[in-house]
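Next come the structures, one after another.
Two complexes, one shared chain (chain A), two partners (chain B, chain C).
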Partner chain A sequence: MLAYTFKRLLLAVAIVSLAMFLLFCMIYTIPGDPAAVALGPRATDEMREALRIKMGLDQPIWVQFWNFFTGAWTGDLGNEVLSDRPVLDVVLEQLPYTLALIAGGISWSVALGIPLGCWAAVSRGSVADRIVGVISVAVIAVPSFVIAIYALLIFAVTLRWLPAIGAGEPGDLSDQLVHLILPSLAVGLGWVGYIARMVRASMLEVLEASHIRTARAFGLPHRMITYRYALTIAILPTITLLGVGIGQMLSSAVFAEIVFARPGVGKLVYDAILTRNFPVVTGAVLVTTVLFVLLNLLADLLVGALDPRVRSSF
Partner chain B sequence: MTTQPKFGLSRRSFLASAGAFGAATTMMPRMALSQDGKVLTVRSYSDLQLLDPAFRLSLPEDDIIRSIFAPMIVPQSGDTWGWKPIAVESIEQLDGLTVAFKLHPEIGFTDGYGQMTAEDVKFSIERIADPANESPYAGDWAALKEVEVKDTLSGLIHLNNPFVPLWNTTLPTPASCIVSKKAVEELGGKIATDPVAQSGQYLLTEWVPKQKTVLRRNPDWKYEQGGYEEIHIIPIEDPATAELGFEAGDLDYTWTAVSSLPRLKENPPEGSVVLEKPSLAYVWLGINQDNEALQDVRIRRAIQHAIDRPTVVDAAYFGAAAVGNGIIAPGLPGSRDAVTYDYDPEKSRALLEEAGATGLSVTLDILNQSERLTAAQVIQANLADVGITCEIKQNDSGTFWTLGSKEGDYFMNLQLVLSRFSMQPDPSWATVWFTPEQVGVWNWERFDNAEYKALHDQGLQESDPAKRDEIYKKMQGLMDESGCYVFFTHEVVGAIHKDTVSPGLKPNGESLLADFKEA
Partner chain C sequence: MTTLAISGLNVWFSTEDGPLHALKDVEFDVPERSIVGIVGESGCGKSTLINAILGLLADNGSIEGGSIQFEGAQDLVILGPKEMQDLRGPRISTVFQDPMGALNPVLTVGRQMVNIQYRDGGSTAEKRARAEEMLSLVRIPDAKAALDRYPHQFSGGMKQRIAIAMALMMKPALLIADEPTTALDATLEVATIELLKDLQEEIGCSVLFISHHLGVIAELCDEVVVMYAGEVVERGSVRQIFNDPRHPYTVRLLECDPARQTSRSRNLPTIPGEIPDLRQRPAGCVFAPRCHRVHAGCDQAQSLVEIGEGHAARCNLALEPQTAEATA
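Let's turn to the complex of A and B:
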């Protein structure tokens, strides 16, 4: 297990380094002058030039990359262009909102997807199975921003059950949870379909396994066989799927944060790209990349710990 | 064998009930909050980035800065442009070059920075004017000679030359906000996002980045009080999101998209008032006279005659905006009733043939916003009608705002560009961007006219409104003659507020937070 963990860590470092390089290349090919955009129409040429120097844009591109690369590995992501606040602080104050959104999305997808998948598997071929199949494909096919807008129109504007904008009062957990319901539903609903399909397929496979037949032969209760013996095995691919799904949810989070006017890393990056605030773009994307890689690593290690076949394959 | 009682409480039903109860109780605070009349919740289109009056970046920041650092005067809310004193007990123009002021005696700075004095006024104004400080607003005080301190509360503002915009676009803006000399010097000369030594009608008590800014009435403010105990400012960039937030009851006031105005006016949400205010902004099609294909003035005039301006404006703004005839909005000196070119496709075709430019192909750069795209598509159809092929190029804001910059590599390739500038209530604010010094900066048409420049300088010093009117009309006539401009509209500003709120708005619909009151 130690060797497996070490190999996975090495791979994670390589992925983050490659991501940093690609990110840097992409950002510096975007047209537009960051100094002119940041300072607005009333700035003089001298002021724009001073800001370019402050941002390090007067340096050769390889020097800029080396400064960014070495700084990033020591936790120094530079300072925000105008307010001079450390980028790491700016990103970390937005990160909890995005993490809460993703956690909420995962909660919706697990809470609805796993029972639906189990129900479809144990009712294989029935009307219930077909209904779950149709629902799964439908929620996968509908983009998250469409779900977000309809949820907002129904539950916030028409019924006024839930708030439409914001993330709730800081320090008021119940208010924050209420503000999380609709955005997290928008982020997680698509994954309900994926997880239901995955759990159904895995369950059908496991329910045919010999140890399940043996359990049935011993007369164990149906519920115990389904949930204790079949589901615990069938759920393993779902963990891997969720590891990948977090990346998808991060991109959905951008839409949810804009539509629901929530703070978060997605919104931060979106605004920073529009204003060519490159230090914030690089810092925020780097932090989310590291987070994504770590969560995937965690998912892989978890599957490795639960399934000896995965461990032995490395 | 036992049977469960029919109406018994199972573990499952207990958990379900508890969950439902929990969800219901968490919704209660929201209902309670919306009934609290002491808090005003408004939308701003961007979050604050800098609180320094000398380095502010956006309109929403202006409103916050004006509320927390007492300005000498502020714009008056209502339908006509005017001002009212805030930090000053009196202020008057003694002659063309001198303004006398006297501060209110009981204005103090928070955080132990003491009484506001004339020395603070001198520091606040001169730090903006001083080129060494590189304030983008140095131009507001371009005519400043010095601020003379007479005593603790009084002083004189001395100008080098008469400067008419002083009372329209300098003093009523945050360029007259007074900061504490001691506090700013301790901060190293610049205020960032931590509002030290506040002095205004409100105090900034909380800023949650990207989420909200909270202003609370300044308990030590002795003069005209703000209308609400607290003002919560929520940054929402997308107007459609803000409209939904308003309809859901989460906002008391918001700007709306112009495209939403017809729908909201026809069917306003219950308990709301929809406003439509004339904007000072101006939208135009710019034609780069230095581009190789457009150097012949006959080609540029042909483009002017090819475009059906009312159709462009109607299509882009859903009939909500009127056609504009220049860069100066109605109500200001220099506003025109008509342009000097008309929609005449026949004349356009004739000019193109005369210039040997039949079969011309051009590009039209626009910002990637829906009303700009609609306008561009109508322009494209109009140009096609006279035989000009037009390719529309959409740009994000970061790219768009550098297209005509001489420091880039595209400015000579730029051909047609659909632009919009915002505006302050003085015509010089519009004309300044088209002077020869601005070629390659904000003058992307590269319109270079010495007479225009001379008239601009004359307009800054001319105090007679009739003569100013004449000057600025003549300047726009020169713009017409160059063939570099097709003027479209001054737009409108749409806003919506609860009927329990009486909003404080400038004539162009921009908000004055401290002037919002309960209806």
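Let's turn to the complex of A and C:
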């Protein structure tokens, strides 16, 4: 397990390095002079040239890449254009909000998706199964920003049950949680459908397995067979799916943060693009990439912890 | 006392192409403390029979008539799901064919063996001790440590022995063994058969042993039931079936056993033709289309003809000894 974790961490470093390279290529090919953008239209040529040298833009491309690469690995993502604060600080300040949003989205999708999928599989072919199937497809098909806007209209504007915007008073946990309900629903609702379908499919497969027949032949109680013998195996592919799905949730989080005017990495990137604050965009994308790779790794390790067959093959 | 007495058992499945008569008028007994073998080619209804006895028929299957008397007291056909569940495990236990998949892959062997004892009172420690005792009985080395291991950490032969330990842990009255040695190699097969026989004598249970391996049946069983296309075509003692088969299908089946080949030949004998479509059962003898002794009377329904003590065959010619002309 330890060797496997180490191997996966090495792989994660390689993935992040590759992502850095791609990101660098993208920045490099974006038209326009970063120094000119940073200084604005009224700057003189001398000022631009001075900033170009300060930013290292006069160096050959591979030196620039090396500086970017080593800087990024040591936590130096450059400074923000407007306030000259380190980009990493700016991004890390916003990260907890986005993490909370994603954790909320996963909670929604797991808390609703697993029981629904399990229920559909156990009552296969029944009306309940069909209803779950239709709901699953429906929530998958609706984009998260549409869910966000309607959730806002229905629960915040019309019914006034939940707050419409913001992340709640800092330090007041219950207020923050109340503010989290609608945005995280918008992020997680589509995943309820994915997970319900995934759990249903793998549950049906596991229930056909011969070890389930053995369990039945020993007269084990129905509940024990369903939850202890079948579901523990059936949720394994779901965890892997969620690990990959975090990427999509991160992009849904951008919309949710904009619609609900919540602070967060998504909102930060959105604002940074509007103000052409490119170091922040780069830094936020990089931090998000690392987050995605780490959460993916976590999902795989979790599967290993739950499945002894995977664990021993490490 | 008879452990299991099956009479007039009929099982139907509803399929998209119409009803399928999977078991027809199945009739045989499993006497107390005896081992009864069921033999027949794939698709003869062996698995359906097991599922019918266990009350685990698929949703589209149903028992239409007949009775399965268990220990002379309960008819498994009319028993409710709850009562059936109470019998499975403590009274009727099963060892399945596939040792690789028969155990839950994410639970330790000990956990699974403790779970099987969920009906009994007592602490987990006591249940683990019982499980350990059973594992030593089936000669799993270091039984105590084995409890905390997962099924994939054992070899196929060990897994099958663990499955046998699980099945006999509750000291059932009837053990159903569904081709328990088919997936094992020859040396393991012999060892497993011997183990099964020893344990059967020790516990004093009856065994319903399903196999298509005639050598194993002859070695292990007291009585044999030959099934074909969901019917019992012949039943009798091992000696009767192997030395004096009366149904043409039994005769051909014995001829097909590679162990019985005496002369060198390029081709192993086979029975030409296939099992008929059970959605359209022939009105007469179900084996007639493949039979080498087919005659005018075969288009009539056949009944089990008593030949001797406990020996019966479903054939008009059952009272005439079968001759070697079959090979012609």
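Here is the rule we use: the second predicted complex is superposed on the first by the 269 of 314 C-alpha atoms of A that agree within 3 Å, B and C clash if a C-alpha of one lies under 4 Å from a C-alpha of the other, contacts with A are read in each partner's own complex, and residues count from 1 in each chain.
Convention: a residue touches a chain if its C-beta (ideal position, glycine included) is under 8 Å from a C-beta of that chain, and two chains touch if they have at least 3 such contacts.
The model shown is predicted, which means the values in this text are computed figures rather than measured ones.
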item	value
First, second, both or neither for A:A217, with chain B first and chain C second	second
Partner chain in contact with A:R130 - chain B first, chain C second, else both or neither	neither
Which of chain B and chain C A:K54 touches, first, second, both or neither	neither
Partner chain(s) touched by A:T232 [first = chain B, second = chain C, both, neither]	second
A:K7 touches, of chain B and chain C: first, second, both or neither?	neither
Broader residue contact with chain A after superposition on the shared chain, chain B or chain C	B
Chain B versus chain C as contact partner of A:A209, first or second or both or neither	second
Partner chain(s) touched by A:D307 [first = chain B, second = chain C, both, neither]	second
Partner chain in contact with A:G166 - chain B first, chain C second, else both or neither	first
Contacts on chain A seen with chain B and repeated with chain C across the two complexes	none
Residues of chain A that touch chain C when the two form their complex	209-211, 213-221, 224, 228-229, 232-233, 306-309, 312
Residues of chain A touching chain B in the complex	30-34, 36-37, 39-48, 50, 82-85, 90, 93-94, 152-153, 156-157, 160-167, 170, 172, 174-175, 177-178, 258-264, 267-268, 271, 273-276
In the complex with chain A, residue positions of chain B that touch it	25-27, 29-30, 49-50, 57, 134, 136-137, 139, 192-193, 208-212, 234-238, 241-242, 244-245, 247-251, 396-399, 401-402, 405, 407-408, 421, 433, 441-442
Chain A contact footprint on chain C (complex, rising order)	54, 56, 84-90, 93-94, 96, 98, 101-107, 115-116, 118, 150, 152-153, 163, 166
